[in-house]
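Presented sequentially are two complexes of chain A, the first with chain B as partner and the second with chain C.
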Partner chain A sequence: MNSSLERSWKAHKLIERLGQKLNRQVVGSLVACVHCGMCTESCHYVLANPDDPTFAPAYKGDQLRKIFKRHYDWTGSVFPWWVKAATVDSEKDLEDLKDIAFGKCTNCRRCTFNCPMGVDLAAFNRVTRGLLTYVGVMPDGVSVVSKDQWEIGNQMGVLKEDYLDTLEWMQEELQSELDDPTMTIPIDKPDCEVIYTINPREAKYDPRSIADAAKIFNVVGEKWTMPSEGWDMTNFGLFSGDDELGGAVARRVYDKVQELRAKRLVMSECGHGYRSTRCEGPNWAKYDVPFTMESSVVTMLDYVTSGRLKVDKTRNSIPVTYHDSCNFARSCGMTEEPRELLRLVCTDFREMYPNRADNYCCTGGGGAMSMSEYTPRRLKSAKVKADQLAATGAKIVVTSCHNCVDGLNDLIRHYKLDMKVTQLVNLVATAMIMPEKVKPVAVPANGATVLSATNGDEAFALAKSEKPHLLTLDLAMPGKSASEVFEELRRDPALAGLKICIITGRPELRKTIYDRAVQPPEGYLDKPLTEQSLLTNVKKVLEVAHHQS
Partner chain B sequence: MEKKINHTTVTLKKGDIADLEIDAFVFYARHDLALGSGFGTAIAGRGGPAIKKELEKLGTLGTCDSVVTAAGDMKAKHIVHAVGPRFQEQDTEAKLKKTIENSLKKAEEAGIKRLAFPAMGTGFYGVPLDTCARILVDTIKVYLMGSTQLEEVTLCLNDAREYKAFEAKFSTL
Partner chain C sequence: MNEPSAHLHFASHRLQEVALLFMAVVYTIRLIWYFRFPAAQERQAPTGGGWSTPDKGILFSLLIIATPWEMESTRKRWFLWCQFVVFHLGVAASIALSFVIPYLPKLLTSTVVVGGLQLILGLACLVGVMRLVRRVGNMHMRAISSPDDYFSLALLTVWLGIAAATAPNNVTRGEGLQLTYFYVTAFFLMYVPFSKISHYLYYPFTRYYLGKSFGRRGLFPIRRGPEPQA
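Take a look at the complex of A and B:
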C-alpha cells in the first residue's frame, strides 16, 4: 500500500468507518494473532495454492490489522515499523483489499477453529468487507444481490407476483401428483403453529423443495403458512459485511411472523440463512424476538421421531454422504440433527472425513457464487472438497444449505465426479409414507349419501348445513386441528345428535380427543382402513344410534 | 398518513413503489442509466424492454441530474430516473437535495401530476435513513410552497423500518 499524502475520499471514509466497527471481538482478534501459522493448513485456498503466501489466513488478516495498527492502536503510533502499521490511500489500495477480503476467503471459519489464540479471522474479514461495501468497493455480483435484497426484499430479485405464482403452481402440482385437493400452501394465514420461510433460490430455481416441504406439512396436519412478505430467510448482509442490510432483512422476517402471530419460525435448509436469522439477526436488528426459531431439519426430525411422519428408508437406498455447511455446522453447531434424520430416511449413509466442525467449505460460501470474477480461483480451491467427496464412494451428497448445493454442483461438474446433490427435505419427502385416504365407495353402495369436506372449517360448516347422521374425522386433517374441530362440533347445540367416528393412523393422538371435556366419539378406527372395516364401523355406529332413539 | 401543502396532497405510505398506479415514480438511477438490480429488476420485469431501449438512447447522467422516460407496461405511466449521491461521497446532503429538486422539476416539465419518491439513496447506497427523511421532506415542502402543478406527492417506503424513520419527520409537515 502506498503512503502518499493525498488520501482518496473513499480511503478516508473507510478508515473513519473502521473506528466505528471496532468492538471487543474484532479488536481481540486483531491483536491476538502471533503469526504461528497454525491457521495456514486449515484453509482450502492455501491447500490449493501452497506456494502463494497471500492466501494464508494470517496474511489476509494482516491487511486489516495494518490499518488498525496505523490508525487505532497506540503501538502503530509509537513504532509503526515494528508492528507493520500501514494505511490505505488510493483506489488501488481499496481494490487490493477487495481482492483479498472477497476473493481469497469464504468466511468459512475453519481457520478460526484451528487458531490456538482464538483469532476469528472470518469475523474481521467480514468487517473488512463491510468497510469496503460502505464506500462502494465490492464485486459486481455482491452489489447486484445486495441491492435486490435491499429494494425487492429478497436476494434474487424475485418479484412478489412471481413468488406467489410459484407457490400457487407448486400447490397445483402437489394436488395433481397426489390426487388430493386438500394439499395446500396457505399464504398469510394468521395464528399458525409454523410460519415457513425459504431461500429465494427455491422460488427461482428449485420450487420442488417448496412442494416437498408443503407435502410434509400437509401430511402431518401441521397448522402452517408461508408469508407473502418477509419470506426470504437468507441475508446477504452476512456476506457483504453490511450490518444495516443484515438488520433490515432480519427485521422484515421477524415483523411478518409477529404480524401473523405465528408461534414458530421454521427456516428451510440454508446455512447462512439459519445463522443470519436465528443467531445474528436479533443483534443486527436490535430485536427482541418473542417466538421460537428453528431449522426445518429439526422440524422434520421431530415429525419423524414423534411418529407424526412415517417413513420408509428403503426408498432412499443409493449411498449418500453428508456435507456440513460451514454456517450451519461450524458456526451454529447443527451437526447431529441432520445425521440423525439421514439415518432415519436413508439406508446407506457414509460419513465424509473430516466432518462436522472440521469439514471443508463447499468453496461457494461467503457469497462466492455471486462473484464470477473469482470463479477459477474458487474452483481451484475446491480440489480438497472434491477429494473428500470422491473418497466416500457415495452417489449422492446431501447438504442442508442452498448455497452449498450450488457450490457442490459446480465443483462436481468441474472435477467430473459421479455424484448428485440433494437436500434432506427431498429425501424425507421421498421416504414419507402417504397416509391412506378413506375410500368411501362402499358406503354409498350400501345406500348412504357421502358428503366430503377438505378441512376442519369446511367439515364444521357442512355439518351445520347438512346435518348428517355420521361424521368421520381424520386426525391428520389440514388446517385446524381435528381435536379442536371435534370439540366445536360437540359443543354446538344444533349438532347435538351428530355421531362422530375418529379415524387415525396415529393412535397416540387418541388422547387429544378423549381428554376433551365433551362426550367422547361414538366410533374409532385405526388406519390403514379397509372398505369392510369402514362399512362395519359406520353400520355399527348408526345401528346403536337407531336403537337408542 | 396524509398532509396538504397548498393544493398538493402529500402522502406517506408503505409499499412497493414499482407497483404503484401513479403518473410517475422516482428511480434512484446509475450514471450509465442501466437499470441494474433492485428496483431496476422490478422496472425491467414489469415494464418490458421498451424502457431499456429508451434509456439506451439517453446516454449517461451526472450526479444530481434526472430524466423522465415512459414506464412501459408498469402501472405507473412514467419513471423519473434520478442520479443521486452514493456510498458516502462528499457533500452527500447538498447533492441529495439537488437531486430531489431536479426530480420534481423534471416531473413537472413532463406534465406529471402524481409523483412518488422512495427513500432516496438509503439502503444499498448508504444514505442514512434519518438524513434522507429530513432532506426529502424538507425539500418537497419548500418546493410545494411555491407554484406547482403537482397534485399528489407520495413517499413510498419499502418496509416498517423505513416508514418509522420517516414518520416523525413527516408529522412536522
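Take a look at the complex of A and C:
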C-alpha cells in the first residue's frame, strides 16, 4: 500500500468526499454486513458468471466498505489486514472501483431484498458511483449524458425547438388520424389538472407514445398540458450518483409545475424517471413537493376503472407478459397497478416468474444502456432474463419503463427471442374505444375493396389472411412502430408480392423505412393527404405493379 | 455440588463483570459514533395505501429473520436458514449458561435442562463447523471473507463446543473445563465489539431504517403474486 503522500489527488478527494456522504443509513449498510453470502445468488450477474466471485454483491459492496473501514471505522484503521480494510491510492485503484460500481452492478436492489441484515447494497453502490463521478472517473456515456442533462436540460440533448416540433407533429398526426382538429397537445397551459412529463427517448425515438398519451388525455377530456421546459422527468443523477445533478433536474420539473399551477404531475412510463422525480428528487433537492406526483400507469388505470375511458380488451389478444422495472417494483412499490391495467386492456396476460419485487433486472438498468464498454458483460448477464421471458410463451413483453424497453429489445435480439416489447400506453391506446366524434376517417373506396387495421399487428394479420394488392402504412400508427411492421411485412415470404405505400407527415422519418435492409416501399406520400392525391398514388403504384407483372 | 475455587469464582464473576462492562462501554461509544451520522430524510409522499406504512414496514423489516418465506434467499435455501436459527439459539444458550453457572447453578441439577442445553449447544457447534466448511470451501464465500470472519466463526464454534461440555457444571474431575469456558467467554465478550460478531448491535438500526423507508414507499410488507402453476 502506498503512503498517503503518494496518493493521487483524485483518490484523496474521493476519500474526503466519502466522509461527507456518510449518513446513518449508509453507515448502517457498511458496518452491518456479516459476509453470510445469502445475497450472492440473488444477483443476475452471479447467475450468469457462477465462477467469478467478483460479481457477488457482498464482494462488490466490500470495495467501498474496505475504504470506509480503513478511513472511517475503528478496527480497520488500527488492524486493516484483519478486516480487509484498504485504501485507494492510484488511478488504477479508481478505475478498478469504477469497473465494479458501474460495470458489475445495475443497482437493481434485488440483493437488498435478500439480505437478512438489511444491507442496502444498491444504495451504497450509488454512493460509490457518486464518489467516482465527483472525481471525474466514470464511463464516457455517463459523463456525456450527465453533461447534456446539466447543460441542455434533458439527458438526450434534445433541443427545445426539436421537442416542441415533435409535439406539434404528434398533434398534427393525431388530428389527421382522427380527423378531429380538437385533438391538441397543449403547451404551457396554466391551471391544468394534469401536467404531463416524458422521457426524452420519447421525443427522440418513440414519439408515438406521446401521441398515444395525448389521445388518451383528449378522449377523456382531461384538462392537461405539457411543459416547454422541465419536461424531462428522467434523471441521470440516479445513475451517476450525483445528488447535485439529481436535485437540480428534479427541481427544474417541480418549478415548472408550480409556475403553471398544475394540480398533478403525471409522468410517462419510466421506472427511473418516476423514482427520481417522485421518490428521490425531493430528497436530493431538499424540497417538500406541494403537489401530487403520479405515474401515467395510475392515471390510465383511474381513467379506465372510473369509466372515463372505455376499452375493448379483445383488440389486444396476443399473449403478453409483464416485466417489472426494478425502480418501479423494488424502489417505488409499483407492482399491482400495471397488472391491474393490463388485465383490463389485454385478453391473455401471463405472469412471469419470479415477478414483482423478486423479478430480475432487464440488465439495462442503472444507466447500463449508456455504458457501451460493458455491453458484452451486460448481455451475458441477460441470460437469466431471456430464460424468464421465453418461459412465459408470451409474444409481447410489456414494461412501464423506457430504459427497460431498450434493455429488453437488446436482449431479445441477442438471444433471438420471438418477442416484442411495448408499453402500457400503447396497449391502452389500442384498446381504447373512440367516442363517436373521433372515429377515424373512412378511406375512399373508389372501386377497390378497402380493409382497415387499427394497429401494426392487426395490419400484419390482415395482410396475411386477405393478401391485398396494396397496403398503405401510416408511420404514426398506434402500437408498434410502423417501420418495424414494414420490415416484418417485407420479410414474410408469404407477402412477397405485396405493394406498400408509406404515408407520413414527417418526411425526415423516411430513413426509418429506407435504412432497413429490405426492399424499399413502392410508394411514398406526404401528409396532409387529399382524397385525390391518395387515389392518384394508389393507382400509380398498382399500375406499375400491373405493368411489371 | 462442590464449592468453586477462588480462581473459578473470579473467572465466573469478576472477570465476566469486567468483560461485560468493557463490552458495554465499547458498545456505547460505538452507538454514539453511529448516531453522530445524520439520518437521511425521506421527503417523498407516502405510497402504498393501507397495505404499507412506515410502521408496518419497520415491523416487517425487523421480523424478517423470523419470516424466512419473505426472502427468496431464505425461501430457497431453508437449510441455511435453519442453520442460522440453531446457531443463534446456541449463542443465546451459551450466554445464558455464563449467568446460570455462577448465579443459578441449581438449574443445572436438572437433567432435562442440561440435556436441552447440551443438545442446542452441540447442534450449534456442529452448525459452526458446517459454516466454517462453507466459508472455506465456497469460492464466493472465500472472496468475501476476512481473517476476522474466519476467526470470529472459529471462536464461536469452539466456545459453543466448550459450553456444551461445560453445561453439566460438574467439577468432580477438576475445574479446567469451567475455567476454560469462562476465560473464553471473557475473551469473546471483549473481542465482540471489534469484530463482525457485533452485527447484532446494528441489526435493529439497519432494519429499522430500511423498513421505515420501504414502508413509506409501498415496498414493505412485500406484495407477492401467485406461485407458478405446476
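One rule holds in what follows: the second predicted complex is superposed on the first by the 432 of 549 C-alpha atoms of A that agree within 3 Å, B and C clash if a C-alpha of one lies under 4 Å from a C-alpha of the other, contacts with A are read in each partner's own complex, and residues count from 1 in each chain.
By definition in this document, contacts are C-beta pairs under 8 Å (C-beta built on N, C-alpha and C of every residue); 3 or more make two chains touch, one makes a residue touch a chain.
Just so it is clear, the structure is predicted and the values come from calculations on it, not from any experiment.
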Contact-wise, after the overlay, does A:Ala248 reach chain B, chain C, both or neither (first, second, both, neither)?
first
Between chain B (first) and chain C (second), which does A:Lys160 come into contact with in this model arrangement: first, second, both, or neither?
first
Per the contact definition in the header, classify A:Trp9: touching chain B only (first), chain C only (second), both, or neither.
first
Between chain B and chain C, whom does A:Glu151 touch in the aligned arrangement: first, second, both, or neither?
first
Report for A:Tyr134: first if it touches chain B alone, second if chain C alone, otherwise both or neither.
first
Is it chain B or chain C that touches the larger share of residues in chain A?
C
Now for A:Arg208: first (chain B), second (chain C), both, or neither, which partner does it touch?
neither
Taking the complex as given, what residues does chain A use to touch chain C?
22-29, 31-35, 37-42, 46, 51, 53-54, 56, 58-59, 62, 74-75, 81-84, 112-120, 278-280, 282-283, 286-289, 292-293, 330-336, 339, 351, 353-358
Using the touch definition from the top, list the residues of chain C that touch chain A in their complex.
34-35, 37-45, 47-48, 52, 61, 64-65, 71-74, 76-77, 80, 84, 134, 138-149, 194-196, 199, 202-203, 205-207, 209-211, 213, 217-219, 222-228
Show which residues of chain A lie in contact with chain B when the two form their complex.
9-10, 13, 134-136, 143-148, 150-153, 157, 159-160, 162, 244-245, 247-248, 251-252, 255
What part of chain B is in contact with chain A in the complex they form?
16, 19, 36-42, 45-46, 86-90, 123-126, 158-161
